[in-house]
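Below is one structure, written out as structure tokens; comments come after it.
Should a chain be cited, it is by its letter among A, B, C, D and E, assigned in written order, with residues numbered from 1 in that chain.
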Amino acid sequence: MPPGTLVHIGERSDREIKISVIDYGPTSYEEKEIAALNECFYFMDATTSSWIDMAGLHEIELVRKLGDCQGIHPLVLEDILNTEQRPKAEDFGDYLFIVLKMLRLGENAEIATEQVSLILGKNFVISFREGLAADPFAPIRERLRDGKGRIRALGADYLVYSLIDAIVDNYFVVLETLGEQIDDLEAEVVANPGRGTQQQIHRLKRSMIFLRKAVWPLREVIGSLERHDSRLIRPATVVYFRDVYDHTVQVIDTIETFRDMLSGMLDVYLSSISNRTNEVMKVLTVIATIFMPLTFIAGLYGMNFKYMPELDWRWAYPAVLILMALISVGMLIYFKRKKWL
Amino acid sequence: MPPGTLVHIGERSDREIKISVIDYGPTSYEEKEIAALNECFYFMDATTSSWIDMAGLHEIELVRKLGDCQGIHPLVLEDILNTEQRPKAEDFGDYLFIVLKMLRLGENAEIATEQVSLILGKNFVISFREGLAADPFAPIRERLRDGKGRIRALGADYLVYSLIDAIVDNYFVVLETLGEQIDDLEAEVVANPGRGTQQQIHRLKRSMIFLRKAVWPLREVIGSLERHDSRLIRPATVVYFRDVYDHTVQVIDTIETFRDMLSGMLDVYLSSISNRTNEVMKVLTVIATIFMPLTFIAGLYGMNFKYMPELDWRWAYPAVLILMALISVGMLIYFKRKKWL
Amino acid sequence: MPPGTLVHIGERSDREIKISVIDYGPTSYEEKEIAALNECFYFMDATTSSWIDMAGLHEIELVRKLGDCQGIHPLVLEDILNTEQRPKAEDFGDYLFIVLKMLRLGENAEIATEQVSLILGKNFVISFREGLAADPFAPIRERLRDGKGRIRALGADYLVYSLIDAIVDNYFVVLETLGEQIDDLEAEVVANPGRGTQQQIHRLKRSMIFLRKAVWPLREVIGSLERHDSRLIRPATVVYFRDVYDHTVQVIDTIETFRDMLSGMLDVYLSSISNRTNEVMKVLTVIATIFMPLTFIAGLYGMNFKYMPELDWRWAYPAVLILMALISVGMLIYFKRKKWL
Amino acid sequence: MPPGTLVHIGERSDREIKISVIDYGPTSYEEKEIAALNECFYFMDATTSSWIDMAGLHEIELVRKLGDCQGIHPLVLEDILNTEQRPKAEDFGDYLFIVLKMLRLGENAEIATEQVSLILGKNFVISFREGLAADPFAPIRERLRDGKGRIRALGADYLVYSLIDAIVDNYFVVLETLGEQIDDLEAEVVANPGRGTQQQIHRLKRSMIFLRKAVWPLREVIGSLERHDSRLIRPATVVYFRDVYDHTVQVIDTIETFRDMLSGMLDVYLSSISNRTNEVMKVLTVIATIFMPLTFIAGLYGMNFKYMPELDWRWAYPAVLILMALISVGMLIYFKRKKWL
Amino acid sequence: MPPGTLVHIGERSDREIKISVIDYGPTSYEEKEIAALNECFYFMDATTSSWIDMAGLHEIELVRKLGDCQGIHPLVLEDILNTEQRPKAEDFGDYLFIVLKMLRLGENAEIATEQVSLILGKNFVISFREGLAADPFAPIRERLRDGKGRIRALGADYLVYSLIDAIVDNYFVVLETLGEQIDDLEAEVVANPGRGTQQQIHRLKRSMIFLRKAVWPLREVIGSLERHDSRLIRPATVVYFRDVYDHTVQVIDTIETFRDMLSGMLDVYLSSISNRTNEVMKVLTVIATIFMPLTFIAGLYGMNFKYMPELDWRWAYPAVLILMALISVGMLIYFKRKKWL
């Protein structure tokens, strides 16, 4: 297919597509939910800021209409619909295009991602998300409605920061869950490692590989926004981007720490298997070393030779029993000394 | 041999060499297939764009002629014919020279590459390929013929982008196939690892080494095209190169993820061997620990001493049998507790 | 929560919050301890330097008041209260904001951190710390009081250097303790490795991961201060920051060396397990190889065949005993040669 | 010794020192071989280019004379004679000094190096080599003699390129030989790994370490020549240096690939040892598990109790034999199911 | 303690402190040894160069006096006395301060370091060393005395180069000793690896970690001197620093190579343990597999059943013996085929 062809790639949400449009300024606030796009929004020249949030990407026509109204490049629309993008930020002069990954913990503690695309224009923000997970932007909508804090006064670039911050904050939640699992596993690997332990370590390692892939490029993305000379991000907002950048670095730090810890656990697990093999061997060796000589002695006096003087000796049997006991005790002492028992 | 000597290095295609010449503009389209090069093509000053595609490199004379007509440097022609080049991009002022690797999955899921060399002039593109695999450019030819999309209007640099994009898109197909194999292997390594499993892991790891070698330099190549101030790539086209750059980074990401996953699998495989050795040891130890004492007792009463009072006792035999049963049961309980059974 | 919301994250100190205010100049020195903040400190225009040190962060109101008086950005206050920050330095024009981690060895040689935040203004320093550990700044307070050395004459930027230096010097103390533990462990791993040894190695490796996370960003932080063109750090003080930078690099060097040593120890430990398994195997093999043939021979002459001429031979029994002795001795010599004994 | 003292370090060639002097221009060609240096060559102002090639470095006086004539720095002469240099390129204004390593496969496929030093002046090249291996520059001499190709017309910088190219081309030959050995080893490690296999892997790994040490700096060297603004390398020649740079990168790529492959092989080898231990264990366990119960039963009826009713039963013996057969068959079926047989 | 406090940290030399003062010019040379510093040296304006060499750092007063005379910063004096510095170079405008590590092989081939600090002024050099090892600068003193070579004519910066060069040259001696040990170990690990082998590898690995820590920063230090625009190092001397820089890179290369080799050896050692375990297992399995069936058969005919027809058969005994021999021979052939013997 030629580049710029719009195809939706990824899981399809069952829910209906929801488009919410919020128009706000320091003193005004208006919110509506729409189902169809009959005409373009002309907020370019408005003194207020606008935020269009689209949850659900499976109706291509809607995305195209929204994009055409604002003059979005077809390649950008293609990237919005292809939910296997890497996080990235691109400056198109009139608008900034940002792709992020939202995390959600699926069943069995599997980590899944949902793609969120943001377009930051002069006084508007458009956010596209797959709509598979719960709305991550609910608290921001709440804050806008309340009009408390700086959010209403600070314009569209601050809104974009708030959206990114909401997503990055969510990472900490996921990491905390994983951290707890790792702590449990660590206790298990020391106390009672089994076959399942190793599969758990393996599973968590895969999650880490997955997480890294989602978060590493994010650092670069936010770093580029912070350093950026885009006129769409005002100097006053840069300090906020620096803050969310710090959070991202912290997320990456934590992931790397978890990876190191999981590698360490694998070492512990492997050496505990070796240890147990060693202990099984010791048991076998102790048993064999004690009973082999005894069995041999018993066999010796079970021979049917005619001329075996011991056989006729009165105290031979008790003497042999005592000899056997001495051998056993000697062996046990020897093994005790060698710390095999 | 002196540098610039033209020698064809690499597999020889059996098919005949095919040269297709396409001349196109926003409104015009002409296509012909030629077998011999009797005269040079003079499209330098034309208002249309031209694309010459040569499939099969084993007739050196044809390559030389084509090159000489357009004033291509002999070293470039040498690189085109030597199909063991690394991907690279070189700016010669009048034209850009780009070497890429196309992937194809051979039998037994072995990955093979085919070299594609592109020359981008002011209003022409020449593509050379080994012609071993199926034509990767068929869809582009189709799009040119149809005249749909932007492709006819956007000139030679956009065509080069399209060709590179077609090749990079093909990587995803190969990666998907490998991804499925890795998923299968992962299931196998957990459920039922055998000797073949490890050879599979090894084989896939080698494929990854091979892939990396082909794709890593590609990133650099496309990155340099994107950043490049070559006057042959117009600013309007740069955004497309940025897009294909993103794809390449995604390919590399996936390869690295696969490598990590394969390393993880090898760990699982190795620890599963250790685990099994451990289990075999346990069986042996259980058997030996139960039967050695019993055999010893049996041997004891098989001794031929004259004075063994037990032998004459009426209930000795059943008593010994009961003793043996007690020992066995005791052992089994002990092993049960130690979780060896 | 909206960004800039002040929430105290981290362990809560039991002690009361202590705010100490020191005002000093080359010739003057004044110190007081206050419990409440009723009015702002106006030291902006003073010719003396001031240092406010707050130990304990659990009364948010105090932090806010202090911050508002000096015009500190709300995000900075948020970072001060969130004690899970990464070390960092940020220049806000009017003041520098620095976050550091102080180390303390908890029980069981666990390493814990305490966050210290520093704000360097034109002629004032504010330091915030969690107040969990003992006061790390006591010696500096002492030096200020004494008025010896350069500290009183050199202004606020030198004071910040002194505070950072006190924290970094503390790292060396912690590292020394860890170094001794590693040396002990090294002796143990060579002489008498047990299950506990490996858990110790594992524990120390985790400590190293933890330490790295705290110290690596510190290097960057101090490096940025040293190179910084902030007008708050005068050229005369830069040489001191270079000195503390050297110390940080030394700390990192030592951590990396410890990590390498612990990895090496793990290798020694693992190969010592393998070695011991090997030795247990040898014991088992020697025992089995000696007694199996002897037991077989004894069994042979325990058979009840009617026609076994040896049984009736006079010297058969001693001959068999001698044969058995010869076999045993032969085996022992063989194993001696193979170095299994 | 003071710096600049001339001492020959390295293997001494047995052959006599050979100095060949070639003077060439687009139309002229003169070649002579000399044994002694009685006077300096004054080719500084000539319109032709000159190439002095010295094979064998053990006569220090010759090197000094040659160097003094052209005003070469004593440190350079010291480096020429010390054949343990790293590859490097240094610009001394009037001349460029380049040190390279030539590879040669010694006996037992050991890789040895020979140092080649090049001095590029305005219109002359001096090459020094140890003279241990065959003359690597013979084809270039041939090309100069023939006067074919560009070599005569393109001056001293092109000659230097040709010399470097000849050396780098030789690397591919060595790598091909190593590649074949690695392929053989790969087949062996999968089909029939023995103790020798591992020593082979080890040996090849050492060769790779050795190769890397020789080739990695080369990349830097040629890269610096390519980027260099030395007036001794004309823009027209830079494209050739770019070409040889590509070759070097390819050599490094291949070395890294070989290293990865050898690491992979070591993994396969180690897991194949584990696998075999596992199989040996299985055989032992099967044997012990079958015979221990049988031997116990036999021992049971070998006891000499007076009152053992079974002993007098007519069909006891065949019954016991059948019981034993059943036990054996049962065990075998069990092991078949467990896939141990 | 406040920064700039002078404390001697490190081993204390037993020898007396020796201060040698050398004053030299192209034609003059004066040398004296002094014990006390009663007045400052005023060589600032002299046309000759001066070199003060202090061996032994345990008299703090001497260092302070020397430093104060030349106006050395207290932090520099602190660094000179603290012998746990990292190698570094710092430019203080009027003088350059350089810290280096000298290596010496202690007993048991342990590597120890001695700190050497150099101060390069306009026409003077002051060198401080711990005085634990033999004087590394003796040959330089000799060369100055002789007046041969360039050393007297080239000034203080050349002298600093000579001192650094002497130290770096000493590294090669230490590396050579280590290289021989590694070669011996390599032979041992292949031919006859024992428990000591591994401890040797471990010990050498630690030495490498230690060496790396001392040498890596050195590269940076000398690199910065070479690139430096300090007016204290004249352009004519830079070429010499480039030379010693090359040597440092060579030292680092060698260390990395040794590290790689030691890692390779550890792999060989570990797999040789596995191999031997495997061989011990084979011996055990062979013994058990041969004797278990034989012992069983012997036990079978040792049973006391009344009705065992074979017992009465004349040729039963020899027949059983032949059967046993056949079983043994069969087993041996089987193991021969499986290459276990």
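By our rule, a residue touches a chain if its C-beta (ideal position, glycine included) is under 8 Å from a C-beta of that chain, and two chains touch if they have at least 3 such contacts.
Note that the structure is predicted; figures quoted are calculated from it, not measured.
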Steps in the shortest chain-to-chain touch route ending at chain D and beginning at chain C: 2
Chains contacting each of chain A and chain C, listed by label: none
Centroid distance [mean C-alpha coordinates] between chain E and chain C, Å: 26
Computed distance of Cα centres, chain D from chain A, in Å: 42
Per-residue overlap in chain C, given as positions that touch at least 2 other chains: 270, 274, 277, 281, 284, 288, 292, 295, 299, 302-304, 308
Graph class of chain-chain contacts, one of line, ring, star, complete, other: ring
Order of the ring members, counted from chain D so that chain E is second: D, E, C, A, B
Residue ranges of chain D touching chain E (in the complex, touch as defined): 1-4, 73, 75, 79, 84-86, 88, 90, 92, 195, 198-199, 202, 205-206, 209-210, 213, 266, 269-270, 273-274, 276-277, 280-281, 283-284, 287-288, 291-292, 294-295, 298-299, 301-304, 308, 310-312, 314-317, 320
Of chain E, residues touching chain D in the complex: 139, 143, 148-151, 161-162, 165, 190, 239-240, 242-243, 246, 249-250, 253, 257, 260-261, 264, 267-268, 270-271, 274-275, 277-278, 281-282, 284-285, 288-289, 292-293, 295-296, 299-300, 302-308, 340
